[in-house]
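Below you will find the structure I want to go over with you.
Just so it is clear, A, B, C and D label the chains in written order, and each chain counts residues from 1 on its own.
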Amino acid sequence: MPSKQLTVKDAILEGLFEEMARDDRVCIIGEDVGAAGGVFGQTKGLFEKFGADRVVDTPISEPAIFGMTVGAAMAGMRPVVEVMFGDFITLVMDQLVNQAAKIHYMSAGGYRVPLVLRTAVGVGGNLGPQHSQSFHAWVAHVPGLKVVMPQSAADAKGLMKAAIRDDNPVVFIEDRTTYNLKGEVADTDEIVPLGKAAIVREGRDATVVAVSRMVPMALKAAEILAKENIEIEIVDPRTIVPLDRETILASVKKTSRALVADAGHLDFGVSAEIAALISEHAFDYLDAPVTRLAAPAVPIPCNAALEPLVVPNEQQIAQKIRGMLNA
Amino acid sequence: MPSKQLTVKDAILEGLFEEMARDDRVCIIGEDVGAAGGVFGQTKGLFEKFGADRVVDTPISEPAIFGMTVGAAMAGMRPVVEVMFGDFITLVMDQLVNQAAKIHYMSAGGYRVPLVLRTAVGVGGNLGPQHSQSFHAWVAHVPGLKVVMPQSAADAKGLMKAAIRDDNPVVFIEDRTTYNLKGEVADTDEIVPLGKAAIVREGRDATVVAVSRMVPMALKAAEILAKENIEIEIVDPRTIVPLDRETILASVKKTSRALVADAGHLDFGVSAEIAALISEHAFDYLDAPVTRLAAPAVPIPCNAALEPLVVPNEQQIAQKIRGMLNA
Amino acid sequence: MATIRAFEETVQRLFLGGHIPGLVHLYMGQEAVAAGVCAELAQTDFIASHHRGHGHCVAKGGDLDKLFAELLGKRAGYGLGRGGSMHIFDPENGNLGTTGIVGGSVPLAAGAALTAKLRKTGQVAVSFFGDGVLNQGIMFETMNMAAIWNLPVLFVCENNGFGEYTAIDDVTAGKDIADRGKAFAIPSEHVDGMDVLAMQAAARKAVERARGGEGPSFLICSTWRYSGHHIADKQEYKEDEATKAWRERDPLNQLARKLIADKSATQAQLDAIMDEAKAAVTKAAEGARKLEAPSADMLMEHLYAE
Amino acid sequence: MATIRAFEETVQRLFLGGHIPGLVHLYMGQEAVAAGVCAELAQTDFIASHHRGHGHCVAKGGDLDKLFAELLGKRAGYGLGRGGSMHIFDPENGNLGTTGIVGGSVPLAAGAALTAKLRKTGQVAVSFFGDGVLNQGIMFETMNMAAIWNLPVLFVCENNGFGEYTAIDDVTAGKDIADRGKAFAIPSEHVDGMDVLAMQAAARKAVERARGGEGPSFLICSTWRYSGHHIADKQEYKEDEATKAWRERDPLNQLARKLIADKSATQAQLDAIMDEAKAAVTKAAEGARKLEAPSADMLMEHLYAE
């Protein structure tokens, strides 16, 4: 299969290019997404290729932008709407939750809301308490939404294409700290289906369910642990909703131990659902309590000395695994 | 101790009266809270007693109302701001999360934000998909907020008083379906501290951690089960943040079995955090997997035949407990 | 208008009889707005309604059987009877839905207008909303985008003087509501919301502008709700006298007087129309009462589109 | 103004030298707005700033040592060095904070004004915001409430023509920005944001009105940012020519020319002021560089107020 090396950011961009070329109902809506090419370069070249009607620059009006996207989708477009930072989805929660998520249900299938809400999250670069948060736990809690959190270039592209083709509102959460990670991406039209986890590394001793950027962290931890003759299996859920419960449970039933790693806040976070799921449904297989690693419950400081303390890292993952094996 | 019978709604109202009389910085802000006395009668009489300066009727401008409340609190008031339905906190998430929750932290204690966000939730009466939701899982996930969910009259009053006196933003979530439940309320100035769970009923066979309206449900289930010689212990966390982990874990360590019941959505909900907590920290004590009972992941229908299907009830609680004991 | 009036009277009766679940907001008194505007729309044009939305659903061509089925919580309704009064969607007639979130549907209409513009379909969209929305940020944001992108959308404010129990003057700053639209250079005018012919004339101009690529318009329609905020509301905050005065200008009677005066119709003809409307409504309502509620397995249906 | 200019030039240098973490937005070119308005405020009055906020912090009396400490991420800063440029709070001087959420601080100022009014403290509050906020719903909602409650608040829009890389004209409908305030009957006027005396005069009137119980005002200040959106931005979307033209009207030079022309000051005196400002800023910056970063146990501090 012909393929090339792409960064995560460019892989997503390629996915957008291909889908926009394939279906003229697909359009991009957001702040500075046009001639400026996005504040992270994440829409670069789309404006030049598809023009102002397909790549729409907006005022700073997140609630109404998102609401209009919902209406546009109901009327036949397939918009990809950008909320610049994950912290700003706070501004669109009403239209997202009370309208987008429920319209297909409330209309008994009469209207579809095929849109992708694209947003960038990630602790790093000292962007501080209002530019570093990720609320994937919130959107995962809302019936009617799908939630995608890619980490590799190939997945990012394939999942973006799947999200655009999906007839439901999909929240597509990109971690900025993965943007420059490179990976092999097929030249062909590869779709990664929503709801299928990936076993990123096989192992016998413990399962690490790693969300988005925690996957590269877990891979590093795996290298460290391998030297200690500990083999961890890494499961990347790829989509939080739908969650591939089967793959997660099958892995834990094999390894008998599980750690859930997530870059969001620990308390009432995504790691809680996954840990509760495993604890309940793999109860008889567990040799140790399911543990969690996630960001402590504190605003993310804009400070080079403190910021690293709110991101789980490979050392912590390795340490937790060792603790579990010695239990 | 002199006391009287009050409904939950009237107990909260009495708490508001007392705190407003005690401290003239306490004021009420919201839609139709003034002469109308609140759409549920939940602010009845306050306007007559304290006047328009202390009981402020607003336009339908939730985002700015809440933001102004934050500014008012920073400048020295202690507002109780009402968001009429829990579904509408979607509209204030930005100011709540990006401002209120973080200002004390970001200013290193320079500013305090002593406010109470009061909102009414509850499935019942067929109010439908946009008037029945509760997002306590969201607010509990946000560092810097406290989250209160009362269920009895005495607690509701004592917790409201504590919330008003607290120097942090407190989200106070009232379940409308408990509003008319009566209970004994002390005539004295009783404060129920935030962060202390209550053992509502003692039992030996299993622990039910029941959130807000699930407590009365659990009590009914306890009666049913008692006839089968099954004694459940019911723990009411009362505040979700801070969560009284000690009391919950101590109970489970005693009974060796736990069910978590919550009226919010199951997936990525509050029940997940509590179940994960128990599963991890009472692992060696558990005789059965921790199970959960909560609303299925679906919009809440406006339909008399279907609405009851999204509220866990006493029969389901009893059934889950039986299943656990037979496991 | 006759059908809307008969519809709402029947809804009121059914609600008080305990047959309609949930919160219901009646449209009686405001009929001229929905009827006048929708008369100028094609079936393919869009409307977005609000919590007081039965009038819009009927005026846009909604099926009476399906509407009653929905209100009564029957599976034959527009949303399997799971939406009720505040969540009625009628895609066949371009109705983007009633909604329980005040202001929530305003951007939906503008978004549909954006699709119409980008895909050059020639469709027009109408956003109906109450005076309460005049103080909501989302209205201003939407108006601004409608203006800069020249969208084919009508903003139709139904100013009935109250938002729940609060009088508009107590919470709404400014000398003239029209200034809210003019701030974005949107043509903004006051219309007599009790006069269906005036409504229709104003709508015609605005629809023409929209279809001609000239962008949005803002119509502020003065009207009155005869009923309480929702059916159970006793209206202690509102004067009976005021309602009496507005009833003098009742949209149905007003039109009837005009038609008779200029001899376009006789009283008998008008009575026949009203009787026909009542009969149709009664038939639909009675039929709906006999229908089945959704079954338990319909709870999860349509959660996701396949 | 001299201190702000010197401050920002130093910040730019320090940032490019890698000493300042995060996103930093410079105020150079806009000094007259902060300086002119804050000259009319008492220490106890409130301001709410935004992401381009150093100028406001300095003008409102902020301590240079603490400001640099905060920017450089040192524990002696206003927020223990955990907030940085976009999260600076100075309660001693009534500064409700810079903020990373565009429009996020607008209601904070109005809320402080509400407290001032209800508690009859005589304080006034100023909301500074960029032209990007002109299209945000929260601004309109806040203006409406400020108007109906007659709050002692000034809405000060710093119109520098761009929001990030987008020109204001591309996203902002209407003939005149002032109409956004006038829709709420708020006195709204354009001010030359490059002329500190004009700014001060306009602010004086507005502050007097506010303190006199006459309610809010809206000042639209035309100005220009010399730098990119944030320090790293190369400004390819903006013409060098335009910036050159605005620099002709540089607020510091303009004031200097005036003072010299009317013999209020000599060039030597003005040079001395600038030198003094530079020295003070340099001293604070150098001092801050030597301070300690917060320790790991300071991560959790102040999460909750006790």
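FYI, a residue touches a chain if its C-beta (ideal position, glycine included) is under 8 Å from a C-beta of that chain, and two chains touch if they have at least 3 such contacts.
Since the model is a prediction, treat every value here as computed from it, not as a measurement.
A.B. asks: Show me the overlap between the contact partners of subunit B and those of subunit C.
C.D. replies: Chains that touch both subunit B and subunit C, as defined above, are A, D.
A.B. asks: Look at all chain centres (mean of CA atoms) and spot the one farthest from the centre of subunit C.
C.D. replies: D
A.B. asks: Weigh A-C against A-D on C-beta contact pairs and write down the one with more.
C.D. replies: More C-beta contacts join the chains of A-C.
A.B. asks: What is the distance in Å between the mean C-alpha positions of subunit A and subunit C?
C.D. replies: 40
A.B. asks: Distance from the CA centroid of subunit A to that of subunit B, rounded to the nearest Å?
C.D. replies: Here the centre of subunit B sits 30 Å away from the centre of subunit A.
A.B. asks: Please work out the Cα centroid separation of subunit C and subunit D, and write it as a whole number of Å.
C.D. replies: That gives a centre separation of 45 Å.
A.B. asks: From the C-alpha centre of subunit A to that of subunit D, how far is it in Å?
C.D. replies: Result: the chain centres lie 36 Å from each other.
A.B. asks: Which residues of subunit C are in contact with two or more other chains?
C.D. replies: As it turns out, subunit C has residues touching two or more other chains at 82-83, 87, 99-101, 104, 135-138, 141, 144, 148, 170-172, 303.
A.B. asks: For subunit A, what residues touch not just one other chain but two or more?
C.D. replies: Only 58-59, 61, 63-64, 87-88, 94, 98, 102, 105-106, 129-130, 143-144, 296-299 qualify.
A.B. asks: Based on which chains touch which, is the overall arrangement a line, ring, star, complete graph, or other?
C.D. replies: Chain contacts: complete, every pair touches.
A.B. asks: Considering the complex alone, what residue numbers of subunit D touch subunit A?
C.D. replies: 21-23, 73, 81-87, 99-104, 132-133, 135-137, 163-166, 170-172, 237, 293-296, 298-300, 303
A.B. asks: So in the complex, which bits of subunit C are touching subunit A?
C.D. replies: That would be residues 46, 48, 78-80, 82-83, 87, 89-91, 96-97, 99-101, 104-116, 118-119, 123, 125, 137-138, 141-142, 144-145, 148, 301-306 of subunit C.
A.B. asks: Show me the residue ranges of subunit C that touch subunit D in the complex, using the header's touch definition.
C.D. replies: Those residues of subunit C that touch subunit D are 135-141, 143-144, 147-148, 170-175, 179-180, 182-186.
A.B. asks: Could you pull out which subunit B residues touch subunit C in their complex?
C.D. replies: 31-32, 35-36, 39, 57-61, 63-64, 87-88, 125-131, 296-299, 301-306, 309-310
A.B. asks: Please output the residues of subunit A touching subunit B within their complex, sorted ascending.
C.D. replies: Those residues of subunit A that touch subunit B are 63, 87-88, 90-91, 93-94, 96-98, 101-102, 105-106, 129-130, 133, 135, 137-138, 140-144, 241, 264-265, 267-273, 275-276, 279-281, 283, 286, 288-292, 296-299.
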